[in-house]
Amino acid sequence: MIKVENLHRHFGAFRAVDGASLEIAKGSITGLVGPNGAGKTTLFNVIAGALQPTSGRVVMDGEDITGLPPHELFHKGLLRTFQIAHEFSSMSCRENLMMVPGAQSGETLWSTWFGRKRIAEEERALKAKADEVLDFLTISHLADHPAGAISGGQKKLLELGRTMMVDAKIVFLDEVGAGVNRTLLNTIADTIVRLNTERGYTFCVIEHDMDFIGRICDPVIVMAEGKKLAEGSLADIKANEQVIEAYLGTGLKNKEQVG
Amino acid sequence: MDFVNAIVALTNFVLIPAMTYGSQLALGALGVTMIYGILRFSNFAHGDTMAFGTMVTILFTWLFQSWGISLGPLPTALLAIPFGIAGTALMVLATDRVVYRFYRAQKAKPIIFVMVSIGVMFVYNGVTRIILGTDDIRFDDGERFIISAGDFKRATGLAEGLGLKTTQAITVITAIIVVVALFWFLNRTRTGKSMRAYSDNEDLALLSGINPERVVMVTWLIVAGLITIAGVLYGLDKSYKPFTYFQLLLPIFAAAIVGGLGNPLGAIAGGFVIAFSEVGLTYAWKKVLGYAMPEALEPSGLVQLLATEYKFAVSFMILVVVLLFRPTGLFKGKSV
Amino acid sequence: MNQTVKTYALFALVGVLILMTGLFQSWDYALKLVAMGLVSAIMALGVNLQWGIAGLFNVGVMGFVALGGMAVVLTSVQPVPEAWSAGGVRALLALVIGAVVVAASVVVYKRTRSALMLVALLVAGFVLYRWVRDDAVNAIEAVNPAATGYLGGLGLPVVLAWPVGGLLAAGAAWIIGKTALGLRSDYLAIATLGISEIIIAVMKNEEWLTRGVKNVNGLPRPMPYEIDLQSDPAFIDRAANWGLDPTSASTLYVKLGYVGMFAVVLVILLVLAQLALNSPWGRMMRAIRDNETSARAMGKDVTFRHLQVFILGSAICGVAGAMMTTLDGLLQPTAYQPLRYTFLIWVMVIVGGSGNNFGAILGGMLIWFLWIQVETVGPELMVWATSALPDGSALKMHLLESVQHMRLLTMGVILLLVLRFSPRGLLPER
Amino acid sequence: ESHASEAKIGIMLGFTGPIESITPMMADSAELALTEVNDSGQFLSGVTLVPVRADSTCVDPAAATAAAERMITSDGIVALMGADCSGVTGAVLSNVAVPNGIPMISPSATSPALSDAEDNGMFFRTAPSDARQGAVLAEILAEKGITEVAVTYTNNDYGKGFADAFAENFDGTITLSSPHDDGKADYSAEIGALASAGGEALVVLGYTDQGGKGMIQASYDTGAFDTYVMGDGMYGDTLFSELSDALEGSYGTIPWAEGEGADAFAKITEGAGFDASSSYTRESYDAAALIALAMMKGGEVSSEAVAANIMDVANAPGEPILPGELGKALEILAEGGDIDYVGASGVEFIGGGEAAGSYRHYNVVDGATETVEFK
Amino acid sequence: MSGGGNPYQDDRGNHDASITKPGAGGSVDPTRRSGPVIEGSGGPFLIGDSMTGGYGKGPDILHDCTIAVDRGEIAVIVGPNGAGKSTAMKAVFGMLDVRSGAVRLDGADITQLTPQDRVKHGMGFVPQTNNIFTSMSVEENLEMGAFIREDDMQQTMEQVYTLFPILRDKRRQPAGELSGGQRQQVAVGRALMTQPKVLMLDEPTAGVSPIVMDELFDRIIEVARSGISILMVEQNARQALEIADKGYVLVQGANAHTGSGKELLANPEVRQSFLGG
């Protein structure tokens, strides 16, 4: 689905992504883990067009998409969510969803003036779809709430919901779990799995919570110092010495002495 | 000899004026940059505050002159500057108390402060005009020249003169002193560091026990000082007129932004970039080339890149070009 | 108070203010205020589109307004044949060369990324441009400099100048937008400020184009001249029917005509703006304003949308500028001062209520009214304020003499009061 | 709604804006003339002249026309003394004065373009067109045998028109004619270019407390030029005394009549409490006086009377009238006599309400002026 | 527009760096002044007692919420997102108004104190986000932590460097260039420089890799052992509760469960609803 070839992204002399090559298989939920500063977010940003690569290629379904701007990637079905929820806070949850689909005729000025009827029809369809998604996410009671005033976890659900408004092919999730209550995280995990099975989305997930990774991801890719360090099932990874040393560690040293 | 003449002409018509004007802009830009860095907004009232500070200084200068106090060869206004600063400080602190403080308490977004500063600009604009009128005022006294162009010619026997005014020397020297002092203050003193901390992260500054209102007050005090000094030096060198001070706002902003907003070093560099581009890019090289080139090659035209009527436009062109290639300005805007 | 009621109330207030002006001062004066108020409202509408809807801080309103003014001369003034034959074609050729050089430089730089090439191209192009231009310009400017000395315009009806003004402003906005918005939108303010100064500098100094600082007087009007009406028997008859003397009838007639035309333009623009705002387009713009990064990731071309809104807003300012110059009957480049054409328009938008088209219109009408009326109210205020002082005291004399400066002071105080008690303007966005 | 015993005269000048520093004196001068008329008690059986001030802003035609509209249609002025700057004057003239039939006399709008304005007989000016002054200035230089000068002018219709007129008449080389913008912070760039171009003298066609002053100062500071040739806008005692060193040996022209009128004006303004030697005070006084005299001549308070009689009272034949003699003039007019108003600036109208313009050629000596001759 | 109801917070998404400085401003009213401290004694070392309150004029977020920690103890707050954990921490630190309830430190009522004055009374706080001065060097960050101290801070700085050795290597580097985990260490170090008697940490391990998280927990235990009370919010609830002397479960701004860390871990309802089973 996505193939990253020898990708580099440097900040001055610093090589945040330093020749990473990896592949994300179609239909998989691929986990991406690695120590802080390994370059995971940077890699995401480069793939999703938010940053330009220094060198290297990103290929999606055989098509070179290196350096395309985010809005064009969106129309190719490549979506991403943010580590910190990026909702449109002054708009209602429903509007947050309704604004997502591209190619709405109501977004060209001309038709706002001379194509009112068509817009009205489209809007009806969009609204129905948005309500369906809200239902799916079990937050339909929040439809008219300003998105800025819902809880953090609900915002994350809304982020996922936005990917459902269009026919996404691949969705990149950056630390959905950070700071999210574990119970809610389980709900999100279930949603991801459902999207994967019911709608055929491919996922790539950055996360530091091994339970979460274990629950949904196969395979898992480990990054360190801007490169791929290892790849395999979570069990393989957990057994990998290099990974333990760079990332996982051996657990709390002092916990027995306290409490 | 011709070569010396060329150098002298260039110094006289480009280097010295641009240095002086650059220093004046730099001092103004320092004030803009301090407010931007610490209080987070661009202060549109800057030009008019400058006029206010100069006005207070002028009033004190007149008072001293009426008492017969003078500084000999130096302008009396130098003696009045501390009082001018005090007056301006009172004014800006009062403004802060009456106007800005409310918005701080509301945690208003910086953009609101920008708009408020436009309001303050209008008010100051009116106030200075009501108090001292709109006339052009000269308030320099003492010796005007360290060496005048005529004296220089006589003394050296060169064909070209070189004039150096007292005020030009004072301006450049003061600018250097002020800049060094400001640097030392911001980077070495506790208060200075606390200001940088506040500028970096307000909440965290609070959690380190820094009193935010004190930082704001000190900032305004420094700004009052910078603004008054800049205004008085400019007024001594040229003259005082509220309208011109308002107009100064544009080159000052250009200077601060070219240099990199928020960075004191940038403000200095920006001031000189703007001044030198205004004076240098529109300079007619005829005279200098006439001296420097052999007879046969002497230019017949003016050898002027751009007519002077576009000098103002030039500084903005440079600004835009700098921003295109170095989006954060010459110096990254982060020190304050 | 409910927002709709408030809207009606505030507009009614402006109406009453104007009515009072008509009753207690004069109807001519009141209509004049309305006419310029409408023009100001259109400018405010343009700025509101940029700032209120898209959060783009345009401090170069003056430049776009001036371009509108320039359009009036270029469109409606009769051409000067002598000037054209003296060097018109060559001057235009020079302009084309200039444009080609800049475009070529951009393309070459984008291809090669070589600064050296860029500079070489620009310098060579500049020399060529000056070489073609200078003779032509000198020749044109030498043609009867006291009366013409420029190419003149196309001699078309002056109303056509309004859309042309919009187009000129849009063109300039496109260039600014491409440079400032295309690379980073975070220096738009200073870029617009600078470029508006550049526009004014060009207008002042390129005499062959619009006569520069020598001004163009007596521009064609869309309304008949009052003195012609005054000597038109049919009009005098009609005036008599209305019970008016020919002079006041003619001045009122002409002013009403302007007010009518301006109102039509304002209503058209307002309707278009409202339709756009209350549609998916408006929703998208709000989303972009809310969170650019996210909007981008949701497939919205933020840069393009910013450019679009910036161009539209500027074009509206250009139209208003052309209307204003038509009303003045005079193009005077030195008249364009940032305080009046940039900051005052901003005051209108802020006071009116950014993000709300009706707010912008209210602000435009109200602030223009105050800007003009403060001139008379200011002195009275000052007399009142100083009434406690003894007559003939130096302070009182001094204060009374400086009343003219109450105008700026009052504007500032109004702005501060509104920002304090209703920071989102008198008619906030929803 | 003007009372029979009161006649309102508009005084429209740029009290705010770029020439805000010279307008108060101009207004005071005009009001001085009105006061003089009122005090004489001779005016149209006790009608009082009431000045109404308005702000022309000098640069904003919209604000200026609105203010004029107010004065005419609301305050009910009969005639307008103003406006000051040529641009707004043109706008007010065509948009407000002509449509309403209100005559205006500008004391200072000197742009040559105004000579051809469609004025329907409503426009007069007490300051002569710069077309004439350009010729006078060129003549003086020719007499002095100066053949190479640099020119700097204020970048507006006045400066540009003036510079054009000068260039047309000057019989030598102009090394560089470069505009300067008023109210700018720094003029060293302009001086640098002019100095490089060179010339025996610098012709300065600007304003006395604006860029013109800045240019002279910058030139003096760098020693670029030693001699300055100044147009009318540069005339001002403050300038001469403040820059006395720089201006020693310089000279200029100013619309001014031979001796008497100006002296008389200086005398009556001595105790007036304002600086009457500043630019265009004389012309302002004369403009206001002419309005009153024309009304007296017409025998009624009306705009028509002003428009119809100005040329008559301003020109010969008749008894010459100086500043301070308005009472006498009213008396003569009341008796049906004829006057020839000379006033402070030696008023003489040629066709179309243009001041013929007599100019004083002065030298600056020790920070003050010395008359060389009148032209 | 993140301002919600506050009209002064509407910046229309302005990004223009030539007129306003980008980056978040503060969230606390800087103009407030401290009220009096009412002396007293007894009770836990630090207690936020039945606090009720919210942000600005908005609705109450805390409802009669009580949090306390004793000398040398570790107290951990857990709960779903948006429960008000961070809010409770801020309330204890005086960063928002409590409408009723009190905060007592060592028995003295400090409810009226501003945050900067609470620092002087021996409290230290590491917020959840934005917890370092990014433009200042690591060393300057630590110096700022010691801003209120008049005495020699060199020794404390040594202690911090011993605790977090990596910081010594990076002490001249701008803190903004450090990785996430290193930043957290700087943040905790800065708070320690005030020599607090009580240290409050808001999710110190969020977004931190497992190895760094273990490291941080280790350090926190060490700090507690040196006699400093620790009050922290954690989403890695199981690890956190394992080392906690006391645990609070907050739901919708109110105390839902309270007990020792072990008790809460053992409580099936807590496990099910808040710890993810």
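To keep things simple, chains are lettered A, B, C, D and E as they appear, and every chain counts its residues starting from 1.
Assume contacts are C-beta pairs under 8 Å (C-beta built on N, C-alpha and C of every residue); 3 or more make two chains touch, one makes a residue touch a chain.
As the structure is a computational prediction, the values presented were derived from the model and not from experiment.
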Partner chains shared by subunit C and subunit D (touch criterion as defined above): B
Reference subunit E; chain at largest CA-centroid distance: D
Comparison of B-C and B-E (more C-beta pairs in contact): B-E
Distance from subunit B to subunit A - Cα centre to Cα centre, in angstrom: 50
Inter-chain centre distance, subunit C versus subunit E - centres from mean C-alpha coordinates, in Å: 52
Centre distance in Å when subunit A and subunit D are each reduced to the mean of their C-alpha atoms: 74
Distance between the centres, which are taken as Cα means, of subunit D and subunit B, whole angstrom: 36
Overlap residues in subunit E, where contacts from two or more other chains coincide: 1, 8, 10-12, 14, 17-19
Sequence positions of subunit B contacting 2 or more other chains: 108, 111-112, 129, 133-134, 253, 257, 307, 309, 312
Residues of subunit C whose C-beta touches two or more other chains: 57, 186-187, 190-191, 204-205, 290-291, 405, 407-408, 423
Full enumeration of touching chain pairs: A-C, A-E, B-C, B-D, B-E, C-D, C-E
Subunit C to subunit D touching residues, read off their complex: 24-29, 32-33, 36, 39, 145-147, 204-205, 207, 212-215, 217-218, 225-227, 247-248, 250-251, 254, 324, 327-330, 332, 334-335, 337, 340, 371-372, 375-376, 401, 404-405, 407-408
Of all residues in subunit E, those that touch subunit C in their complex: 1, 7-8, 10-19, 22
Touch list for subunit C against partner subunit E, complex: 51-52, 54-57, 185-191, 288-292, 354-355, 422-424, 428
Residues of subunit B touching subunit E in the complex: 36-37, 40-42, 101, 103-114, 190, 193-194, 196-197, 199-213, 216, 253, 257, 261-262, 333-335
In the complex, subunit A residues that touch subunit E: 33-37, 83, 89-90, 146, 148-149, 151-153, 175, 178-186, 208, 210-211, 246-255, 257-259
